[in-house]
Structure formats: C-alpha cells, structure tokens
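Paired with chain B in one complex and with chain C in the other, chain A is shared by the two complexes that follow.
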Partner chain A sequence: MSLLEVNDVKIAYRMPGNDVHAVNDVSFSIDEGDNYGLVGESGCGKSTLAKSVLGLLDDNGEVREGSIEFDGRELLDLSEREWQSVRWEDIAYIPQSAMDSLDPVMTVGAQIRQAIRKHRDVSKAAANERVAEVFEMVGLDPDRTGDYPHQFSGGMRQRVTIAMALALDPDLLIADEPTTGLDVIVQDKIMDKLIEIQEETGSSLLMITHDVGVVAETCDEMSVLYGGKVMEQGATDRIFRSPTNPYTIGLKNAFPEVDEFDEQAISIPGSLPDLTEEPTGCVFRNRCPFATEECEDGHPPLTEAGGQLSACYHTDRSDELREKAADPETWGIDVRDERDRSGGVGDTILETRGLEKWFKQPQGILEDLRGEEPDYVKAVNGVDLSVREGEIVGVAGESGCGKSTLAEVIAALQERTGGEILIEGTPVDELLGESTKEFRSQVQFIFQDPFDSLNPRQRVRAAVGEPLKIQGHDPETIERRVRETIEDVGLKPAGKYLDQLPTQLSGGERQRVAIAQALVLEPKLLICDEPASMLDVSLKANILNILREKADERDIGVVYISHDLASLTQIADRLAVMYLGRIAEIGDTTDVITAPKHPYTASLLSASPKTDPDVDRQRVLLPGEPPNPVNLPEGCNFAPRCPKADETCRGEEPTRSTFVDDDHEAACYHPVKDVESELLERYAAAREEEVGEVVAEELTL
Partner chain B sequence: MSGYSFDTDTAKERLRSELGRAGRTLRFVLQDNAAKAGFAVIVAFGFLGVFGPYLAPYHPIEDTLQQGGSMMRLQSPGGKALLGTTSFGKDVLSQFLAGARPTLIVGLFGGVGTGVLGFLVGLTSGYFGGRVDEFLMRLTDLTFALPFLPMALVILSFVTPSVWLITAVLVVFLWKMPARVIRSEVMTVKERTFVKSARARGAGHTRTMFLHVAPNVLGIGFLYTAYAVGWSIVAGASLAFLGFGDPTTTSWGRMLQQVFRSGAIRTAWWWVLPPAVGIGAVTTGVFLVGRAFEEIVNPDLQTDKE
Partner chain C sequence: MIAALLTLIAVSIIFATLRLLPADPFSALVASGSLTPAEVEQIRAMYGLDDPIYVQYFRYIQNLFTFEFGISLTQQRPVGEIIIPALVNTLVLLLPALVVTAIISSLAGMYAGWNRGSWFEQSSIVVTTVFRATPIFVTGIFLLIIFSYGLGWLPAFGMRSSLANPQGYVETYVSVDFLKHYILPFTATVLFYSGDFLMLARNSVVERKGSEFLMLHRAKGLSEMEQLGRAGRNSLLPLVTYFALRTGMLFQGVITLEVVFAWPGIGRALVQAILNQDYPTVQAAVFIMALAVIVMNLTADLAYAKLDPTVEAGDV
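Moving on to the complex of A and B:
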C-alpha cells in the first residue's frame, strides 16, 4: 500500500468576488521510501498541495473534494489536535526560505528540542542528544546547537531546517523548494545530503520545485503540474527522456543546460490561465502551439502514453510534437541569425581598471581617535573588465562575491573607492561632472526584481517616458519614442499597455517595461543585474532573447550579472567568474565553459543539475564556505578550499594573467586539466575521510 | 523639479486622474457603516461652518433676549430661545451655529497645516537620512518634549489671540506626529527597487523625492491630516476653555469656558451640551472616516487594490 495517496483533490481559495480554483482533480501516490517530485511554475498549485497534506492551508483555502490518505488514514477528517500529532511525527516539512523559518531569538538547538519535546515525553538531556545526532546527520558541527540562526550562513540554516525535520524520524518529508535561493554549489551539497539521509532513514520524500534539473536528478517518480492540473505523471526517467505532453516538452526545452551553446532558448508564450472558474477546456490550450478545437472540450483525462500518464488529446502524435517543439518558430519566436553575432563586436565602450569598492566596517570612536585603520569588506577588489559594442559580457558568481556591487559601482549608483571607470575612453568623473544627465543617457541599468522596480503609482507611459523627460525632450518626441521602444521590447500593440499600472501587468511584462525604460534613451552600455532570475523558466528565455536581440541590433554593450550559469552561456559572448571580489577567470564563453581552468569555475560548472536522466553526474562536494570577506587569507582567496593548492597558492596571490590562452585568462597557478579526477573525486574523498574520522572518534569513545 | 515641466494638458489629465482616484477612495471608505455616519457628521459640520452664522436667529453676542422687559437669564429651552439662553441672556442656538465657523477654521487649517508641514519634514528627513535626518528628528524630539498647553499659554499670553494665530500655534505643536510616521514610511519606500531605478534613469533628488517616493506615502499623509483635524479641534477648544481663545468671536470652546465661568455648568445643561456634543461628534466623525481610510492605506491591502 502506498504511504501517501492523494485522490482527486480539489482545492479552492475563497476570494472577494471570485473563488480561485488552485488545484483541480489532482491524484498521485507515494510509496514507502520513494522520492516523488511535483514540478511546475509559480501558480501551478504545487505549494497549495503540499500545505493541504500538512493541513496548513491558509484560512481562506479549503479542500472541496477528494481525499488525502496517509498510511491508510484519512487526513482531511482530522481535528486540529490530531493534526498536531501527525505533523512532524509522521510528516515533516522543510520550508523554502530557511532565512525566515527559524526563530531569530531562540538558539537552533532549542528550536529542535522544542519540536522533540512537544511530541515525545523525554528528558531535556535525551532531547539534546537527539539534537546533536541530527546535527551530525546533516553535516553540521554538533557543538553549534547553542548558536543563534544569524550565526549560520544560508546553506547551513537550510541544513538546520532539515535537521529539525528529521528530529522525530518522520515517514514522509515534504521539501518545498528546499534549495531555491541558494547557490549552486551549496544546493548540490544540500541535495546530496538530503538524498543520503533519506536513503539511510528509509523515509519518503515529496519534493516540490520549479527546478526541472533538481527533480530529474533526485526523484523516482514525478507529476508535472500546470494551472492546478496534472499534465504528465510517471517515472522521472521516462518523462524526461520522452515527454508526451506539450507543456512538459516546452518546460524541458525552456530549461537550458550549461553546455548548450548558441541553442536559442525557447520560451512558452502567453500567461497562466485564469483560475477563477473550474477549467472547461485543457488548461494549457491558450499557450499551446498544437491546440486544436478538441482541446476546448474539457481538460483531457490522464491517459497512458508511452509508459507514463499524460493529459493531452494528442498523445498519439507525441514524437511529432517533440520534434516540432524543438524549433523556436513553433512557439512563435523569431529565429535569430546566429551568424551576425560574431561580426558585431566593435569599439570598447566600458573599461574598468583596478576597480575597487571597499566598505568600511564600523569601529568605535576610540579606535578612530587612535587612528587605527578600520577593517574593510573588499566587495570589489581590483577588477579589470572591458565591454565592446554589441558584446554581452556575463559575470557569474555566488551570492556575496561582489557581482551586484560591481554592477552598481559601474552604473554610478554607488561611489567607487578606487580604480578607474572609462566610458568610451572618457573617465566617468568627467561625465558625471556637472549633472548626471550625460552619464545616464549612456549607461542604463536593469534591476533584478520586476515586481518592485516600477513605481506602483506610475502608468507605463509615464514610466518609460520619464528618462526622456529628464533629458529635456519635447512631448511629441517623448510620445513617439515611448511607443517605439515599448513595441520594440515585444509589448504590442503599444496602445494596449501605455495606460496600464504595474499591478495590471504580469512579471514578464513588467520586466519588459523595465527594459524599455532602460532602452528608451538608446544607451551605449546596459548593465543587467539578474534580470531574469525572479521569473518563471518559461519567461526567462524570453527576456534573454530580447536582450541578445537589442545588443545585436543597436550595438549596445551589455554587462549581464547572474548566478545562473545556464542562462549566461546562452546569452554571453564572454564570461567572467567572480570569487570574493576578484575575477577568477575570464574568457570566451565557450572556452570558459568547455575548458574551465580555475578550480572554482570548474566546481561551479559541475554543480549545475542536468535534466538528462541518462547522465550520472558526480556531485560537487566543495568543502567549506567562502571565507569571511573581512579577513581574507593571504595568497589565493580560493586556496583554503582548493584541493590543488600548495605553498605558492597560499603565499602569493595569483594575478589574472597567470594562465593565458588567447583571450582566456585565469588567476590560478595550477590550471585544471581534468575536472573529474582533479576536483570532484578529491572533494568526495576528502568528505569520506571526514566522515571516517567522525566514526573513528565515536568508536574510540 | 529638475527637467520637469507642466503644460496645461498634462496638468488637467493628472488632476482628473487624481480626482478619479479620490472619488474611488471615498466610495471605498463609505462602504464602512461607521465611516458613513462619520462622513455625514463632517458634511453637516462643514455646512454649519460655512452657513451657520446666517442661519442663527439672533446675533450670538450683540442680541440680548428680553421677555416682559427683563433679560432672559439662564432660560431652559423653549419659547423664543429654542435651546435656552446663557447667563447674559444670549441665545444658545445662535451661539452654537455661529461658533461652528471658528471651530471649522481651526480644525481645517490646523489639520491641513499640520499634515503638510509634517509630511514635508518627514519626507525630507526620511529621504536624505544622515545629518539632515539627525537635525530634523532632534527638532521633532524637542517639540515632543515641550508640553503643549503650558507652552501655548505662554505664547498666547504675550500676544492677542486670533483664530489664525491659534491655528498657527497648533500647527507648530502638532506637526511632529505626522513627521515621525511619514519619515519611517519613507525610509521603507526609499529602499524599494523602483526608487533606485529612478536614480539609475537619471532622476535628480527632488524628482525622485516628490514623484517617486511622495505618492507612495501620500495615503498615510492624508490619514494623519484627517487625525490632525481632530486633534486641532480638541486643542483649539481646550485653549478657548482656558480663556485663551479669540475674545472677539464665539467658538464652541469659548462657550464652554463661559458656562464654566458663570458657575452654571452643573445646572444649565442646555448651555453645556450643544458645544460639547458638537466637538465630540466632529472629532469622532473624523476618526471614524480616518479609521476606514486606514484600511486602504495599510500597505498589505494597498498592493491588492489598483
């Protein structure tokens, strides 16, 4: 018998006016010891489902129909008191944002102990023992149970939440986007740990994520959700090898792999269906390029198709659909002429020389008076970067590596503390001289969060026209250029959007308005700080395509900052990888991706999950965390974590030109030759040793 | 504002959209029953303030009511004087009607003045931060530290009080409330991406402050203006009660002062109730509408709407 059985569940949220039917007739079951994946974009109902399994739906949400059985027991009939005994004891939950889910005024140990003692009648000492045990399981130092959440890094906090979920040895673990918001390397380590623990304890895992790659690597079975409906269901391997549903096909194609160059990203046009009524036709029909009249009559039932279940009327033609779906034109995307790309690079627009941004650490008045040199956080530490016309330079790195600071310093949103910035050979100070007008007309910025980057009180017309107004153009010119630019970023017809307020637009549309705001002045340099990272996979590709197109058309130089290597390889001509304020490696995107020389770059690249179920990837178990940026080690910043480091590395910091091959430069004395044997296996071996030591210690005790 | 020019069309267009928004807001506010009652009281009060003196059957100060050759002292309601008379034979109804105007002036101008001054101080302080913030906030602390009534009495004992002077004194003492709240709200809005985005698009400080930050805290500004109207009326009445009102006009506060001085405050209920109920009703009305308005201004609800 299955452990968890969800049968024909319908969940609706009561809203003023209309109810929102978030989940409609969803069924799936999880066997004991299985990993199950629920995949879908935001708004598909996956988190709602997870909450209903825990009985934690929001007050206005209710399960209208169906049943949720756990271990043969109907969960929907439980009283609140009964729920309390099921939660954590039988079903534990790993929340999405570890940053928020821990109580900041309680030590982490006390928080876990509280969960244990609530359910078990054990002494404090016994509970503490268990806390230490689960800490060890998730790879945290058991001596740190007395620390407060803020003393842990993001990845470690997520480990704490996992430890908390494990405390009572539950039968089912629900992980709601457990690694979203974490860096790839950390994600890789956490996923590895999670799977290892789960295999050890034999519990089942319900994994909820939008990240197709994570599911492909961890789950045995999965359901693809869209608009509150299951689109495809079955064994993960089969679904990824031969998806039969147009939505799954589109989702898989929209999810780029790190090493797929020049393959144009495919996005799914249109937006999510309106869920204020129960669906009358296939929920995907308005975005599906293969929709026929048949698709209007009711959502298709899940039918057997090639070993998995798929909700589509056209499963009989799935091979044909897959082939067609690989062509961007099927999805209404204009194919870019890749040949133009290489020839379009012109003069240098941006050059930075030894750019520095150091943040002074606060110190007491006494230290100030004594004239002590304060500590600095060297967020950007001697960066040389150049961007030419029509070129997109990608800057990659984990959070805290200084990439966003770099972007803001170049855009003069923050003052630099050292070095030089030249725009077309002119120092920025000269451009900024009397007013910022001149500089702003040449350098523009696109922000990460489209939901917050537009003034909620400003209509699209005013928002896009504002930069022109500031430059002092007359109303007719403004109106004309606003219309042109809005259509140019794909918001057609412009008239439909001009009078909209930001709240009336979807995330993708908002980000396009933000791009239009930046492009309307026809700048020479565009700086993008993770412009697509908060959008759903299917929209991401769209934004990338627009940027690439504009760079080619208008000969704009683009600095594209992102932690997402896959989107960088698709868009960037050259790629720079930053680590702790310095550029570790830079070169042609293809060179850097296919033959990374810096051990850090190589680790970062290998940590990206793959959607291809046939690839058996070695996980990246890079030890440690980036060191404290206040007290950087002598020599190479990466040396403390690097398996290849020797005395030279620890003694003297390598310059960027330590390894040079044409344009490809890396700051490393011992460039990587073979990633597998030189890095990944050594990481794994080092960890084995560590585990071994712990075991040995325990034995001697 | 840097690079910002007004032409009549955009001005009209903006005005229309602002009026439209005001209308929508009002409709939303009036969905609340308590707010409906409050709004009715405010409208009635506004009407009295403008037309009250013309409606009054007698002159509130000059006319002394006579009956059978003698002055009608402390008559209970009925006969010539619908709401009775004062100890000097003045008509209470006429005093009540005429007294609405100075109360309205003090309330409206004191409230709006407080709102505007507090808004500007809060906006500047919150937006620029640093030394500007330090200076303005210490100034606010200073006004918080000074007790209102004693200070106002000291000021008013040196100069002859008039309605306008009293209004000015009220503004000087009340602006700190909205300033504090607006400042903290501005500090939140300032951190949002669209403000940084405006800077990146080339907007100067003035423009960013007034076009991007200010509209997003305007709701709270209005809310505190509404509350300030209530505070001003109460504070103005308190001053008048203590005998520091404008001696040449009749106001509700002054009526209460006179009934107190005449020693009839325990017996002449018809003289006490009209001004007392008037002040109570208007301030309650303002707060009821303000409370319903707060629902809209509340940031949680704000994002869902519009």
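Moving on to the complex of A and C:
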C-alpha cells in the first residue's frame, strides 16, 4: 500500500464573485521511501495540493471532492486537533522562502525545540540534544542553535528549515520549492544534502518545483501539472526522454540548458487558462499548437502512452508532435535569422575602467572621532567592461557578488566611488553635466520585478509614453512611437493593450511593457537586471528572444545581469563572471561555457541542473560560503574555497589578464583544464574527509 | 547624550517663552492699587527678576539639574511641595489605568485580528472607537450622570470625601473612600485609551497573519492559541513604542478629566499656575513633562533592543 494516496481531489478557493478552481481531479500516490515530483508553472495548483496534504489551505480554500489518504488514514476527515498531531510527526514541510519562514524573534534552536516538544514529552535538555543532532545532519554548526534567523545567510536558513523538518523523523517530507531564490551552487549543496538525508532516514519526499532540472535529477516519479490538471504522470526519466503531452514537450523545450548555445529558446505563447469555472475542454487547448476540435470536449482523461500516463487526445501521434514542437514556427514564433548576428557588432558604446563602488560601513561616533578608517564593502572593485553596438554582454554571479550594483552604477542610478565610465568615448560626468535628459534617453534600465516597476495606476499608453513626454515630444509623435514600440515587443495588436492597467496584464506582458518603456527612446545602451527571473519558464524564453532581436535590429548594446547561466548562454555574445566585486572570467560565451578557466566559473557551470535524465552529473559541493565582503582575504578572493589554491594565490591577487587566450581572460594562476578531476572530485573528497573526521571524533568520544 | 541635549533645548524654549509674555504677576497688583511701583521693584529683586536675563537663565538651568525648582510666586511655598503631590495624584490615577488598558486591549486586539471578520472583531472595534472618538470629559460626565447622580453608587467629586483628612501617601491612597472616588475616572481613562491599543494590536496581528513563519508554526502542529501567541510576540514592537510614548505623556495628566472629576492632579495644577503667571511652578511642571517624554522615548528604544533581536543595543 502506498504511503500517500491522493484521489480525484478538487480544490477551490472562494473569491468574491467567482470561485477559483485551483485543482481539478488530481490523483497520484507516493510509495514509502520514494521521491515524487510535482512540476508546473506558477498557478498550476502545485502548492495548493501540497498545502491540502498538510491541511494548511487558506481559510477560503476547501477540498471539495476526493480523498487524501495517508498510511491508510483519511486526512480530510481529521479534526483540527487530530491534524495537529499528524503535522510534523508524520508529515513535515520544508517551506518555499526560507528568508521569511523562520520566526524572526525566536532563536532557531528554540523553533526546532518547539516542534519537538509539541509532539514528544521530552525534557528541554533532551530536545536540545536532538536539535544539535539535526543541525549536524544538515551541515550547520551545532553551536549556532542560539542564534536568530537574521544571523544566517539564505542558504543556511534553508538548512535550518530542513533540520527542523527532520527533527521528528517524519514519514513524508513535503518540500515546496526548497531552493527557489538560492544561487545554483547553494541549491546544489542543499539538494544533495536533502537527498542524502532522505535516503538515510528512509522517508518519502514530495518535491514541488517549477524547475524541471531539479525534478529530473531527484525524483523517481512525477506529475506535470497545468491549470489544476495532471497533464502527464509517470516515471521521471521516461517523461523527460519521451514526453507525450504537448505541454510537457513545450515546458522541456522552453527550459534553457547551459550548454545549448544560440539555440532559440522556444516559449509557449499565450497565458494561463481562466480557472473561475471548472474546465470544459483541455486546459491547455488555447496555447496548444496541436489542438483540434476534439480538444474542446472536456479535458482528456489520463491514458496510457508509452509507459506513462498522459492527458491528451493525440498521444498516438506523440513522436510526430515532439518533432514538430522542436520547430519554433509550430508555436507561432518567428525564427530568428542567426546569420544576422555575426556582422552586427559595431563601435564600442560603453567602456568602464577600474570602476569601483565601495559602501562605507557604519561605525560608532567614537571611531569617527578617533579618525579610524571605516570598513568598506567593495561591491564593485575595479571592473573593466566594454559593450559594443549590437552586442549583448552577460554578467553572471551569485547574489551578493555586486552584479546589480554594477548595473546601477553604470546607469548612473548610484554614484560610483572610483574609476571611469565612458559612453561612446565621453566620460559619463561630462554627459550628465551637459544634459541629464540626453543621458537618460541614451541609457535605459529594465528592472527585475515587473510587478513593482510599473506604476499600478498608469495605463500602458501613459507608462510607455512617459519617457517621450519627459523628453518633450509632441502628442502625435508620442502616440505613434508608443504604438510602434508596443507592437515591437510582441504586444499585438497595440490597440488591445494601450488602455490596460498593469493589474490586467500577465507577468510576461508586464515585463514586455517595461521593455517597451525602455526601448521607446531608442537608447544606445540597455541595462537589464535579471529581467526574466520572476517569470515562468515558458515566458522567460519569450523575453530573452525579444531582447536578442532588439539588440540585433537596432544595434543596441545590452548589459544583461543574471544569476541564471542557462538564459545567459542563450542570448549573450560575451559573458563576464563576477565574484565578490571582481570579474573572475570574461570572454566569448561559447569559450567561457565550453572551456571555463577560472575554478569558480567551472563550479558555477557544473552546478546547473540538467533535464536530461541520462546525464549523471556530479554535484558541486563547493565548500564554505563566500567570505565576508568587509574583510576580504589577501590574494585571490576565491582562494579560501578553491582546491587548486597555493601560496601564490593566497599571497597576491591575480589580475584579469593572468590567463589570456584571444578575448578570453581569467583571473587565475592555475586555469582549470579538467573540471571533473580537478574540482568536483576534490570537493567531494574534501567533504568525505570532513565527514570522516566527524565520525572519527565521535568514535573517540 | 542625545536625550540630555534634547532636555536642555526643551527647558530653554520654556524659559524663553515665559519671558516673552507681556506682563508679570506683579504688574496686575500695581494696577489694582495694592502695591506701589517701589514695592514691586523690591519684590522683583527678592525673586531675582531684576538680574540680567542670562544670569536668570543660568541660575534656572543650574537649579533644574539639581531639582531645585524655587519658590512659587503666588503661594509662597517651594514649588516642589505644590507639584510633587499633584504629580503623584495624576500618576496614581493614570498609570494603573494605562497599564490595565494596554494589557487587556492589546490581548483583545490580537484575538480580534486573529479572528478577522468575527463578531468579536467587529463589535470590539466599534465600541472602542466610540470611546476613543468621544472626548474623555464627555465619557466622564456620562459616567457621573449614571453612577453618581442616577444610581448614587459612587461619589462625584474629588479624591476623597470632604471630611476625610488623611496624612501621608499610604493613608491617602489605601482606603475604601479613595477607591470609591477612584473607580469612575479610572474607568473613563481605561475606556478612552482602549481603542488605540486594540487597533494597533489588531492591525499588526492581521499583518502577520499571512506570513510564512506562521504557516510553518502551523505546519509544526502548534494549536491556534500557540500560533496566536507567536503572532502576538511578533506584534509587540509597535505596542511597546506606543505604550512608552503614552506613558511619557501621562505626566501632563489629562486636564479635562481632572477638571470633570475635580481630581487634584498635575494638569489642573499647571492650568492654575499659568493663569496666575506663576513662572517657577510652570517651569517646573513643564520641565517634568518634557523630561518624562524624553526618558520614555529612551526606554522605548532600549525595549526595542530587548524585543527585536535584529536591533542591537549599540544602534540606539
């Protein structure tokens, strides 16, 4: 018998006006010790399902039909009191955003102890012992149980929540996007830890995520959800090897992989179905290129197709569909002419020389009076970067490496503290001195979050027209150029969008409005700070395509900041990798990706999950965390974490031209030749040793 | 450091303002013919009022910091003797009332916020808002009309019966007679301030309610009340701030309340002193009030550091 059985569950949220049918007739089951994945984009109902298993639905949500059985016991009939004893004891939960999930005014140890003592009648001392134990299991220092959440980094907080989930040895762990918002290297370490512990304890895992790669690497079986329906269900490697449902095929195509260069990402056009009524036809039909009349007659039942279950009327043609789906034209996307790109690079637009942005650390009045030199956070520390016309330069790095600060300093949204910025050979101060307006029209910025960066009370017409108005154009020109630009970013016909408010637009449409806002002035330089990171996979590809197209057509230079290497490799001509305020490696995207020279770049690349179930990737267990940016180590910043570091590295900081091969430069004395043997195996070995030491210590005790 | 500076600025402003007033207490006596101008000069010299203004200022500052408030101009008694008992009377009335209302209303507010949309939430907001919106003397008058004049259960005026003549603080405040006089103004104050604490507590719990960490607490199997406890603990900051600031202002008393109930508190004493142009008394009263506000602000900051682990004591 399975541990968890979800049968024909329907969940709806009561909303003023209509109910939202978030989950419709979903069934799946998890066996003991299994890893199960629920994959889907935002709004597909995956988190709602997870919450219903724990009885944690919001007050306006209810399970209308179906049953959820855990270990043979019907969970939906439980009283609140009975729920309280099931929660954590039997089913534990790893929340999505570790940043906000811990009680800020309680020590982390006390929070875990609270979970233990709620369910077990143990003394405080015994509970504390268990807390220290689980802390060690997840690789945290047991001496830190008395610290408050804000004293931990994001990755460490996620470890705390995992430790908390393990405290009572639950039979089922539900992980709701446990690594969203974390950097790839941290993500890789956390996933590794989670799987390792779960295998040790023998508990089952329900993994909820939008990241196809994470599921492909961790789960045995999975369901793909869309619009509250299961689209495809079965063994993970089967589904990824030969998906039979058009949605799964589309999702897999849209998911960018680090080593797919220049291949146009294939987005899924359209937006999510309206769930205010129970679906009458296939939920995917309005976005599906293969939809026929048949698809209108109710959502297709899950049927056997090539070893897995798929909800599609056309599973018999799945081979054919897969082939067609690989062609962007099938999805109504114009194919970009790749030949255009090579000759498109022109004069240098942006050049920075030794650019610096240091933030002064606050210090007491007394230290000030004594004339002590304050500490600085060197967010950007001597960066040389150049961008030419029609070129996209990607800047990659983990959070806190200074990439966003770099973007804002280049756009003169923040004062720099040193170095020079030249726009077409003219220093930026001169340009600003002449005319701020002129400068702003040439350099435009696209922000990360399309939900915050648009004024909610401004209609699209006004939002896109505002920059033109500031520049003093007449109303006719404004209207004409607004229409042109809106259609240019793919919002066609423009008339349909002009009078809409941001709230009436989907996330992808909003970000396109933001792009139109930036493009309407025909800037020479466009700076994008993670413009696609808040968007679902299928929309992300679309935004990338638009940016690439505009850069080619209009000869705009683009600086594209992102932590997502996969999307960078798709659009960037050149790639710079930043670590703690410095550029560690820069070069042609292909060179950097295929032959990374800096150990940090190599680790970053290897940490990206792969969707191909046949690839057996070695995890990147990069030891430690980036050092405190206030007290940077002597010598190379990466030396403390680098297995290849020697005395030279610790003594003197390597310049960027330490390794040079044409345009490809890396700040490393010992460029990487073989990633596998030089880095990954050594990381793993270092960890084994560490674990060995702990065991040995325990034995001697 | 900053607190001391603020106090100095505050008292300087008081000093300057009072000196800018057009008349002094003795001119009135000349006008009424009771004193000759020569006699007035003599009296002014006795009080040091003919010294240059900066000498007066330094003497004033020096005295303040040694808590030496001088002699009242109209009552010929040390100012301390007038102010301190009035202040104690006010505090005995208002401090317990504020503490009681802070605790009860905050708890009720948290409960209301947790059960959003319940009849308890709706009615508690309406009731406390009505009391908050009604001027305190109106509430006071209604209480008097009902319980004193109507039902005749409780006395209407003062702090003690006119016949009683207790000596010392203990005898004054620990007696059935005092308690009877105490109940009505106490109730009026509790009702008046209940709205502030209730709304503050409710709003911050509502804000916390959707937060991720409460969801995790719930997932851990905590009961409703335990979850509410955590939400409440996380809502303490605004409440403590407001409590501290309110307490700072208590030293001014609630003048209208003291008038309605004929309570011999500091608010009434201050109004009297201003009317009589009794500089030393006014200065002393205002000084105590300013000092109280500043001290309570500092207390709030220190409480922050204790309550919120992200604020370090050094930041205060």
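We adopt the following convention: the second predicted complex is superposed on the first by the 699 of 701 C-alpha atoms of A that agree within 3 Å, B and C clash if a C-alpha of one lies under 4 Å from a C-alpha of the other, contacts with A are read in each partner's own complex, and residues count from 1 in each chain.
Please note the rule applied: a contact is a pair of C-beta atoms (placed from the backbone, for glycine too) under 8 Å apart; a residue touches a chain by one contact, two chains touch by 3 or more.
Just so it is clear, the model here is predicted, and its values are computed rather than measured.
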Is A:471 contacted by the first partner chain B, the second partner chain C, both or neither? first
Is A:370 contacted by the first partner chain B, the second partner chain C, both or neither? neither
By the touch definition at the top of the document, which applies to A:103: first (chain B), second (chain C), both, or neither? second
Once chain A of both complexes is superposed, is A:444 in touch with chain B (first), chain C (second), both, or neither? first
Which partner does A:93 reach: the first (chain B), the second (chain C), both, or neither? second
Going through chain A, the residues touched by chain B and also by chain C turn out to be none
Help me check something: in the complex, which residues belonging to chain B touch chain A? 2-4, 7, 10, 192-194, 196-204, 207, 211-212, 215-216, 303, 306
Give every residue of chain A touching chain B within the complex, in rising order. 411, 413, 435-437, 440-441, 444-445, 447-449, 452-458, 466-467, 469-472, 475, 501, 503, 514, 517-518, 521
Hey, which residues of chain C end up touching chain A in the complex? 211-213, 215-224, 226, 230, 233-234, 307-310, 314
What does chain A use to touch chain C in their complex? 54, 56, 80-81, 83-89, 92-93, 95-97, 100-106, 114-115, 118-119, 148, 150, 161, 164, 364
